[in-house]
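Got some structures for you, see below.
Here come two complexes built around chain A, the first alongside chain B, the second alongside chain C.
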Partner chain A sequence: MKRFFVLTAAVLLFATQVPAEAAMSAGEIVHRANLASYYGGDDGKAKVKMTITDSQGRKRIREFIILRRDETDGGDQKFYVYFRKPSDVRKMVFMVHKHVNGDDDRWLYLPKLDLVKRIAASDKRTSFVGSNFFYEDVSGRGENEDTHKLVQETDDHYVIENVPKDPATVEFASYKVWIRKKDFMPEKAEYTDKQGRVYRVVEALEIKEIQGIPTVTKSRVRDLNSGGETVSEFTGIRYNIGLKGSIFTERYLRRPPREARR
Partner chain B sequence: MGASRFLSLAINRPRVVTAVMVVVSLVLAALMVRVKVDTDPENMLSPTERVRVFHNQMKKEFDLNDYVVLGVVNEKDPDGVFNPETLKKVHELTEFAKTLRDPDDPERRVIARNIIAPGTVDAIEQAGLGQVKFNWLMAEPPATRKEAARVRDLAMGNPLLKGTLVSEDGRAIGIYIPVSQKDFAATVRKALLKKIASFDNANGDQFHITGLPVAEDTFGEEMFIQMAISAPGAMICIFVLMFIFFRQVKMIIAPMIVAMMSVMCSMGLLIGSGFTLHIMSSMIPIFLMPIAVVDSIHILSEFFDSYQKIGDRKKTIEHVMDELFMPMLYTSLTSAAGFASLAVTPIPPVQAFGIFVAIGIMIAWLFTVTFVPAYIMMMKEESLADFGVAADAPDDHSFMARHLAWLGTITYRRAKLLLLATVAILGVAVYGISLININDNPVKWFTPKHPIRVADRVLNKHFGGTYEAYLVVEPESAVADTRAALLAAIDRLAAAGEVGKESAAAARKLASSVDGGADGYLARATAAFEEKLDQVPDAEYDDWALIADLPGEIKAQAQVFKRPDVLRYISKLQDYLASHAVVGKSNSLADVVKKVHKELFAGDPKHYTIPDTSGAVAECLISFQNSHKPDDLFHLVTPDYRKLNIWLQLKNGDNQDMEQVVSQVEQYFNDNPPPVKLKHEWAGLTYLNVVWQDKMVTGMLNSFLSSFAVVLVMMVILFRSFWWGLLSMVPLTVTIGFIYGVIGLVGKDYDMPVAVLSSLTLGMAVDFAIHFLERSRMVYKKTGSWKESVGQMFAEPARAITRNVIVIAIGFTPLLLAPLVPYQTVGVFLASIMAVSGIGTMFILPSLVTVFERFLFRKGKTETMEA
Partner chain C sequence: MRGLRLSALLLAAAVALPQAAAASVRDLQDRLYDVSGIELGGFVETRAGLRTDRDQDEKDASIAEARIQFDLGRDFGWAMTRLKVDLVGDGVEEVAATEVREANLQFSPFEWMDVKAGRQVLTWGTGDLLFINDLFPKDWESFFIGRDDENLKAPSDALKASVFTDTVNLDFVWTPVMNGSRYIDGSRLSYWNGVVGRIAGRDYIFADDERLEFFRDSEFALRASRTVAGVELALYGYYGFWKTPEGMEFTPAPTLYYPRLAVWGASARGQLLGGIANVEAGYYDSREDSGGSDPFVRNSEVRFLAGFEHELGRDFTGAVQYYLEWMQDYSAYEESQNLVGMAAYAKDEYRHLFTLRLTKLLMQQNLRLSLFTYYSPSDHDWYLRPKANYKVTDQWTVEAGANVFGGRDDHTFWGQFEDNTNVYVSVRYGF
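Now for the complex of A and B:
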């Protein structure tokens, strides 16, 4: 997975100063970056505020609490997203069981319609609740879905170019990721379309150490085609809070646990 | 008087006069290189016009574009267009369209992200009970017929796509290609045609390209070709006819030069002063040329008839100019006044057209009275030797002369009968005028066989319609006092026991302390509540979580277009419009909500409804935003859910059809009061056309009435008699009545060129009357009897008028070959106007004079103007 900075990206990282080895393979760099951005701690929680700004400067807000629990480091994970804003979708829940081998399971709970919606395995490069982030940004893109190439190495960064193995399933032709050498945090990703133009940029605007874990606390996606962008700000980040596995079940969609509400 | 001063200069310094004219014309003509073409009918409205400002504001607010519509049709394949081969072409064309941009101007391009095509829209799919997925309708072209059929079924299952992207019969796919600027549309069309030419279409695939921006932009390109062919064609025709009348190439070159120089000067002035070359102004040469040659023909005709009698070119020209100077000045002034009156219309291109034709007429007059005599003076006397009718060859031998003489007798003997016939014709004309159909449609500016017209017919047969109009609806009242609403909401929570009394009291205090300034109160209250929420102990947390949501809930109440009752109302409006023939299809937020609601409930058609609470509507909408293109929602509603856009597809772009839809909507709003007070307004190119057309009709009527009044006053001054002045207005009144009566009777739509023709009629018809009456009075003075005068009038003066009529009427027939309808219209009507006003002048005026002879020639009524 090289889909970095996503909301979750922000959330966890297992700490880490990995000594920079010479001649690390591109695949290995990507793997470490994936761990750094999606697997901090054994579990974690953050309050996320997304500000979606369109090309006319009109803003929309999404606010939610995200809980994450790793089954195994670098392996399967579970996410629970509880919406607070806008107020008319309050209590809406989005849950993912991410499977490294095989399709993810996704659920959406719509309280006003009283509907638990199981989302079929489908395109993950669709919008996450109207923002410029994709679903895939939330749960991560499979490391094996692209071929990786180290195209540049600066004093501080590895620059990896990623080309999809199945171009028909994605809207990009390739994307480049700038990964910090010191902690393998991805700082920027640029997506190039079939005409060779960069049309989408994902950036970590702020990375802080929380409980000793480098964590993205502010990230941004810019859609250069539409002129819109989404900024995510992460507050109240905590790692290793002992989330129970039972929270991440269908039963809890209708009755959000206390951890999700506060 | 003026005539002699002009004349002496022209006669004594012919070369200087000529040189000055040529130099001035060339300098002004050089300005034409700065030409900027503007074929956008939108510019028929001033940029500050309210409806246009609104249209552009809505385009921006809803991110709407003008579309090039590319239709792919297959009538041959059993599966229509849904076969792998055709879909592969659809895919290729979509990908190709995405890449189109002007290499020199990044602002001119196809807006790739807003293309509507099978490859760029989402299918909202069912994947078993309780499961919904968003997938591209056609990410890649299908390999098998079975897969192709699946694409069809998915598209048909989405009411937003059916009738827009796919035709209901499955025989056509529409690709809607948005362009950033309308003037890029013709380029897009050409690029697509080139790409299409590379396909093998043996399987029966047809491709059609239309849409208003294509029609408008393509028209601009063809307009140039048209001008380059018709205007010179007309020149040649006039030249040939004049040669038949005068048999002297040297002589008739003069009027041609006058016409050409006048056109060069006026076009140079127009372009040089920064005006764009609009469809209206492109017609200036065509209007100006006949008017410019008219006076020269009068001079030549008179010269032609007098030269052999007088025998000296200088004396002849002095004699001719003496007789014609004042009539020519007045005819030019009246024609100019007729066109200048267009400046009172509220339509900028028509104003520019009127003013510059008026200027051109005065330039032509100046050139005529200076250059034509100068030109005659520069010719050797010997070369005039055989010019004109020899004095010993009586006039009445030629065909024309014999018939005119006969006509003269008729008008004298059968005056009352002729007048009766005129009144009868006018009666029929008035009936015809009552039938006039005011209508226009830029696509119909092309002839029926033009590919754009064909495309228009084929695609509107298959789809909901290629003409867009936008109905924008919003609540009448602004958001109410938000602080009072918030305090009331806190009280309600407390009263319902949902929050503790202490929390409620603290919340009231906090809400009251927040700055209540006009905007953003709720945002500030939200921030204050949330800060509090972060601080309160666990015991009070749930209270404050509820309280902190209140500002958002109040805000949500203001989101009128999430209300189920309002959406149902809108949905019914759409059903009402669909029940009438004009609107082929409409799309609104209500359709999105219904479609998503249905899919959330396992695709059950019973759930193709608006859910019962605004929270449930909000959940449908947020579900929709999980698609590839969540922003598509904001083409239909603003993010604050207080402004709604209903996208109407019309099958026909005729203004009449649009007007019908507008009145249906008014009817609906009147008969069905909405749940909240709503106001509505229109945008979209189809609607804009209606607005300017409306202004055109009333504007033209006003301008015609005012110029009629101005010309009448001028005539009264010219003839120093109210009755003679009134008399001179008779032929043009009859001509206009007749022409517009015929337009009504034959069912020709009253459109832009037809509207402008009233001014031309005024200018031309009054010319003949002035010449005829002024000369009549001169002759009467000499003869003292109308009976004798008639005989003389139907000699040379009548011949001049007849020659004018024939030259101009036939001279403009090349316009009939034009592939563009407005030019054909102008050609046909120019010829008819000339014929009718010429005939009218020669029949009606002498008949009237005959009947009212005693009254008109009372003592003191007969001085001529140049006294």
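Now for the complex of A and C:
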């Protein structure tokens, strides 16, 4: 099945080399970019180090291991986040069953109390663990939540402008994304407020090929309003490690799986 | 006095140690891990609190302690071990103590089974600071004087076995010798004493007949759970004892003891209207007073709770719960209370309770403001827990809060603690 996809992709790629290139719609580009940045492999694992720097240069560190499993490519996903640092959150687990249609299911495991807490769906544009990244930056934004327009095309990039369908639910008026033509990896996103000012920039600082899959290994969010920024570094990245669906259940909240422990 | 001096010493150590030794602690952590594979974590903390009212039966200080926690873990691959020890210098009770919070081994003998043996903290059920089917021990004293929330759950010396199948998951917990809750006995917090008919404190601490006999005093707890269409369903069973001494015997002096108890219950939790809803119920079968006519043993009860949590704004969450304790055989209870001349302080047949939780995160989620409120319209009493917690850095945390009790009467559940209202502050260094 996998080979079939690769084959189709290759055929498509060759097909798009010919003049038909311009025919690719903005929606299609966004869909490809979404798959490239959030659905690499069938599952994956990474060790993440977030360095949060505030406007006065004070630093805070978050370290966690993230496990991901795709239920369907481009569809529902499961995430398991096992915290290592700082010490007050050590061994805490944050688990998400992401639903493309409908609210995500989210749990938090507090080891000190042996408490499995189910948490209410929240605004996805709130800070993830106190960093400048939003939940949505970590797990992806629904493709259907914005209208997409191809505003520029360079030799290497598509530039897509996205306007929210429901502006009341988000803090931005629009955002522009620079997507690499060669592998559909988004390299930069600029968020613009209602005054037309860019106030937030998300960038892939480093993209490497891992097991043949283009992967962001270093990224940064800058909040131009507050002057704060967060840099995420990803190490120990592995794809297709055969994560079982059962890992994303209460059992493994109370007993972290081997994949998360080392 | 020795305890006081010791806690002063610990306090001084707690302040001096982190600055002097932060780097070497990290060094030690790394070296320990490299040499032995043991992960070391923990914290150093001082916490102080005062009563807002003078209480003639108690000290003015509600809490004055220094605490160092060492949390050691080793991952063998096939098993994980954990040892968590608190060293405490307690200036109120003037003692220095070692508290082993966890000492356990966790492993999977089969693909479908997990086992955790030893001293451990255990929790299940759906209530938020209300417990129906969670009959694992609590430390109410710590909760009421403003220790960290972690301390509300007291450890159990138990064996937990969990079996996972496609249709249902089973958890079985055997506690060979009963682990009771730490209840309010007067030593630090005052309480309603029915025998003398007034609030009592250090002047009247009941003798307590602990259950200590291996096997005869065992507790058994069982949970069967499965998730159906995103809704977490569970059935519970418990066979053991009331976790606080709900019985009194006269041998010949009044002595508290732990009567037999069996509990059957169920719970459900899932998403509803963009929030989380939960319901839970349990039948408390008081085995030594099945007709309800014994005035000195608590009657059977039906307990119920329903809760709902929803986000109210960015980084702002609200949650409400309704909770009911319905005493069974109420007429037999009334009669029995009459018989011993305690009718004036008799409990209601229905105890209704509401809780409200508000949590707001500010300053890039480093400042957490929270309020938890219990209010009983039937007992006319309440308990408020406001708290502010600020993470100064990844290591340093400061916290301030209060425990505010009040009520119309002296003999109701929260009302009896009115004189214990207190405020506290703490400083913690985590490593």
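As a working rule, the second predicted complex is superposed on the first by the 240 of 262 C-alpha atoms of A that agree within 3 Å, B and C clash if a C-alpha of one lies under 4 Å from a C-alpha of the other, contacts with A are read in each partner's own complex, and residues count from 1 in each chain.
Quick note on the criterion: a contact is a pair of C-beta atoms (placed from the backbone, for glycine too) under 8 Å apart; a residue touches a chain by one contact, two chains touch by 3 or more.
In this text the structure is predicted, and so the values were computed from the model without any measurement.
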item: Three-chain arrangement built on chain A, chain B and chain C clash or fit; value: clash
item: Touching partner for A:L108 - first (chain B), second (chain C), both, neither; value: first
item: Which of chain B and chain C A:E209 touches, first, second, both or neither; value: neither
item: First, second, both or neither for A:K85, with chain B first and chain C second; value: both
item: Partner chain in contact with A:D73 - chain B first, chain C second, else both or neither; value: neither
item: Which superposed partner A:D156 touches (first chain B, second chain C, both, neither); value: neither
item: Contacts of A:R255 with chain B and chain C, given as first, second, both or neither; value: second
item: Contacts on chain A seen with chain B and repeated with chain C across the two complexes; value: 54, 58, 60, 85-88, 90, 112-113, 115-116, 118-123, 126-127, 129-130, 228, 261-262
item: In the complex with chain C, residue positions of chain A that touch it; value: 52, 54, 58, 60-61, 85-88, 90, 103, 105, 112-116, 118-123, 126-127, 129-130, 228, 246, 250-251, 254-255, 258, 261-262
item: Contact set on chain A toward chain B in their complex; value: 54-56, 58, 60, 85-90, 92, 108, 110-113, 115-123, 125-131, 135, 168-169, 171, 194-195, 225-226, 228, 261-262
item: Touching residues on chain C, where the partner in the complex is chain A; value: 41-43, 75, 77, 80, 106, 108, 114, 116, 120-124, 149-150, 152-153, 162, 164, 169, 225, 230, 232, 269, 271, 274-276, 278, 309-311, 314-315, 317, 364-366, 391, 393-395, 397, 430-431
item: Residues on chain B engaged by chain A in the complex (per definition of touch); value: 60-61, 63, 95, 98-99, 112-113, 122, 125, 127-128, 130-136, 139-140, 538, 541, 545, 549, 552-553, 555-556, 559, 562, 597, 600-601, 611, 613-616, 618-620, 622-623, 625-631, 633-634, 638-640
